[in-house]
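Look for subunit A in each of the two complexes below; its partner is subunit B in the first and subunit C in the second.
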Partner chain A sequence: MLFFFTDLLALGCIVSIMVVGLNLQYGYTGLLNFAFYMYVAIGAYIAGVTTMGPPTLPGITYIFGWTLPWYVGLLLGGVVAAAAGAVVFAFTVRRLRSDYLAIVTVSAAFIVYNVINSFIPLFDGATGLFNVPPITGNLNVSTEQYSLIVLLVAAILLAVFVFISMRIFRSPFGRLLRAIREDETVTSAFGHASWRPQLWVFVIGCFMAGIAGGLFIFYITAWSPSAFLPLESFFLLAALIIGGSGNYWGAVFGAFVVIEGLAELSRYAPTFGSQADAGAIRAMIIGIALILVLRYRPEGLFPERWLKWYRTTASAARKRVLPGRQSP
Partner chain B sequence: MTASVLALAAVAVSLQVSVTNFINFAYGDFMTFGAYIAWTVAEHGVNFFLAVLIGGIATGVLGVVSNFVIFRPFMRRRVRPVTLLIAGVGLSFIVQNGMTIIWGTEPVRFNVTLGNALHIGPLVLTPGDLVTIGAAVALLVLLHAMLTYTKFGKSLRATSNNVDLAKACGIDSDRVISITWFIAGILTAVAGVGLVLQESTLDPTTGFSELFVIFGAVILGGIGRPYGAMLGALVVGILTEVSGSYVDSAYKTSIAFGFVIVLLLFRPQGLFSAAGKTS
Partner chain C sequence: MTEALAAGGDVLLDIREVQFAYGGVKAVDGASFSVDRGTVTGLIGPNGAGKSTLIEILSGTLSPDRGSILFQGVDTRGWGPPRVAQMGIARTFQTARVLPRLTVLENVLVAAQGQEGENPLKAMFWRRSWAQQEDANREEAKSLLNWLGLSDHLEKPAGTLSGGQRRLMEISRALLAHPKLLLLDEPTAGVFPETSRLIATRIREIVAQGVTILLIAHNMEFLSTVADDVVVMAEGKVLTRGPLDSVRQHEDVIAAYLGVGGRSLTTHPITGA
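Let's look at the complex of A and B:
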């Protein structure tokens, strides 16, 4: 029973890190990244191959095969994911409108998926990585204890990332991001090159994705292409929009309730027909919830404007900017 | 995905985009839906071609209903196109997983024999190919006639050009949009059946996995330009087939996706467009 909760919370924290990262991209500055899970996968693979040592079993091949400590591998995963994000950004975001960006990101994700799946020397193709060493190393811990340890690590990292999100949100940088999201033309008319802040926030989001992926692979100790089907990105986006895009608490809520909570709930749903039903029911519920929220509460369940310092008070701003102006 | 299937699907997408001005992410699932309905009807002993027709009508109805229930309220509020795109993702979840619940994930295949394969020099045409090509040509000619010579075609083109102006001229643009969804649905379902005949199996993700290749063809022809889409489909279809003989077939879909990316990056207005719709 205890394991049920620690397991759920550990996965919830990991998914929360992803959605908080996605929130930086879509929520803060409107970059519609339909391939967010690709960066999670990159982080997971890099964290795996840099810590698990050279392949021992015949027929298993992957690059690197280093034996770095887990935290270095985790960090490397995040850095590589961030670098990949920077490259993709450089090629796409500056050129494309949001709906084209969505199509390009999904297409890129399909290609990455296809290549990882088919090109075996890279990350062992469709079989994937397994026997990734747990972060406790050789210590003898039970599954229950291990989930508790991962929960602690993930919760601390989640807290750090939410804190970073909060600082970004409240900073002038965050305000600039929101301004770009609302109207890019106006912000560039005020002299801000809109792509530079977007690049930073995109890269930070991808870094979080990579870290979440690393935690994921250390927790479940295996990773393969079937773990990052392009569909997963849509789930994350749905969770963010239902939770409230722009609001980091909404992102955490979405991750826990929409993704983890529904996954658990749908397990107890009555099954009719085939066995794949629990997942299908869950995805259907997410789809319906997504459309309902978009239609009746487009800001999500936890709107961005609930956050402290969403806007500075109007009177203070007026005093500062226009001293002595008579009201008409 | 061969050019004829791709052409039908791309024209359907393009037709719908031309009047509604957003990309429907659930299109792949509409294809699968049409194919499943046709399969189910055919399994009950109905003639194959009649079954395809019924699948087409069912998909058309699905399109009209989706438009009524989901997309129209958003369009009334004049939301950003991104919102419609995400609503399409939600619809895709619903349709795709609804199909999983109804028909399961086990692949099924059409139990039809349409005759023997035809050999023309080095080309091998299966009867499925022939039927698909025939249906594609017939439907596209029909569509062309409708767009050019009927009053409805005229009002469709007017709506596609400028909704507000069309409304001001007394065109019931809501009705035009509904009928367009219906027609697009029929084309989609036929494309779905063609896709299944060619891939030989059908499961709930069959259509979704081809969605972005279709988008590639649509974009290549210039978004919202049905005639361009036909040409785009031809180019993309031939390109993927030809590339299949130069690279490992495992990477064939990657070629198509890479093509979509390069295209969107360097020529988002499509290869053949000069002026016209920009969004």
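Let's look at the complex of A and C:
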């Protein structure tokens, strides 16, 4: 029973890091990125191949094969995912917006998926990576204990990333991002070239995705193309929209309830034919929840406006009038 | 032409033979005039005269096909809006543009120049480096909004403002950028007369503080209150310039408004007689 909860919470924290990263890109800045899970996969693969050592079994092949400490591999996964984000940004995001951007990111996700799936020397193709060393190394810990340790690490990282999201939201940088989301013409007319802040936030979001991917592979100790089907990005986006796009607490709520909660719910739902239908039921439930939220509460369950941090008093504002300017 | 249409003082903005075409349609066709520092210049003309296109060119949104735009002696032709804005040109829009989900105060704060807190690293990890500047900007923004009668709306989402309030918010926003030149595109269009009078009063006060204003307006009563000088455009060309009373009597101006050979109107469109 303990394992059930620690497993659920550990996965919830990892997915929350993803949705918090996606919130920076879509919620704050309005960049519709349907390839987000691609960066999760990049982080996972890099963390794996930089920590698991060279292949030992015949027929298995992948790049690097280093034996770096897990935290270095995790960081490298984040950095490489961020670098990949910067490259994709240069070729797509800087030039495209809204539906055009969405189409291109979906295409990018399929291209990367197929390259990784088909080009075996990279990450061993469809077989993927397995026997990735756990973050506890050679320590003898039970599955329950390991779940608890990963939960602790994931929770700390989630807290750090939520804190960073909060700092960004409450800063002039965050205000600029949200202003760009609303109307780039206005921000541009007041001296702001949109692409610079957008590039920053895109890279930071991809870094978070990479870190989440690294945590994921260290937790489940395996990764293959079946783990990052393009549909996963849609689930993350659905979680963000349902939780409340633009609100980092909404992102965490969406990750826990929509991705983890509904996944568990569908596991206990009556299956039609086989257990494999659970995934389909999960997708259906998420789809229905998304439709209902968009219909009845388009701002999400935790709207961005709830984060309003300016608590100015109108009376104080009235008292302060610039020299030479009189109140009407 | 340029000399004839120069105001003759300390020139801040000098527009020379500017041309711009949308496809095959010439929207601005060799327009030339200058704007003196510390004055309010009205830009008038019938619909399709090229006034708003010229404002778009001056703000860097459109790049002219030919001609030059000298702002403080520097040719800004081909510069994008961010660079033009950094030079000290702020603007409002023909249809008021607000950032609907941001508060009114946030809408205005976006215009503050040189914000340290817009640096991502400082935003995330070094709040102290920008907190004081942010507080000062916020106080100034509140003060400006108060000055324009919006102090009760600071925390409201800007999308909830009325048409007139949006115009006032836009002016506040432009002023927070501390512009040298303020471009106002129909600041009183669709605005309640009382608000229109407030805008007129404020415009004179803004100019008194050393800001130069170029504004488009169709309301002659409003223009007569605020404008030192009026430039008349028609079919992309500058017809004439001068005090409003004198250009009202100009033959070309009357013809442009009425249309040469057009049907007679019961009321004169400019004089109202």
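Here are a few things to note about the model shown:
Everything that follows uses one rule, which is that the second predicted complex is superposed on the first by the 306 of 328 C-alpha atoms of A that agree within 3 Å, B and C clash if a C-alpha of one lies under 4 Å from a C-alpha of the other, contacts with A are read in each partner's own complex, and residues count from 1 in each chain.
We take it that a residue touches a chain if its C-beta (ideal position, glycine included) is under 8 Å from a C-beta of that chain, and two chains touch if they have at least 3 such contacts.
Remember, predicted model here, so these are calculated numbers, not experimental data.
Of the two partner chains, neither subunit B nor subunit C is touched by A:93. In the superposed pair of complexes, A:197 makes contact with subunit C only, with no contact to subunit B. Contact with neither subunit B nor subunit C is seen for A:251 once the two complexes are overlaid on the shared chain.
Legend: residue contacts after superposition of the two complexes on their common chain; A:167 is shown touching subunit C, with no touch to subunit B.
By the document's definition of touching, neither partner reaches A:307: not subunit B, not subunit C.
Note for the complex: subunit B touches subunit A at residues 22-23, 70, 73-74, 79-83, 85-87, 89-94, 96-98, 100-102, 104-106, 212, 215-216, 219, 248, 250-251, 253-254, 257-258, 260-261, 264-265, 268, 279. On the subunit C side of its complex with subunit A, the touching residues are 59, 61, 80-83, 85-86, 90-91, 93, 97-103, 105-107, 109-113, 115-120, 122-125, 127, 130, 134, 138-140, 142-149, 151-152, 154-155, 157, 173, 177, 198, 201, 205, 209.
Residue ranges of subunit A in contact with subunit C, taken from their complex: 164, 167-168, 171-176, 178-179, 182-183, 185-193, 197, 200-201, 204, 246, 304-305, 308, 310-312, 314, 316-318, 320-322, 324-328. Taken together, the subunit A residues at the contact with subunit B in this complex read 30, 32, 91-92, 95-100, 102-104, 106-108, 110-111, 114-115, 117-118, 234, 237-238, 241, 272-274, 276-277, 279-281, 283-284, 286-288, 290-291, 294-295, 298.
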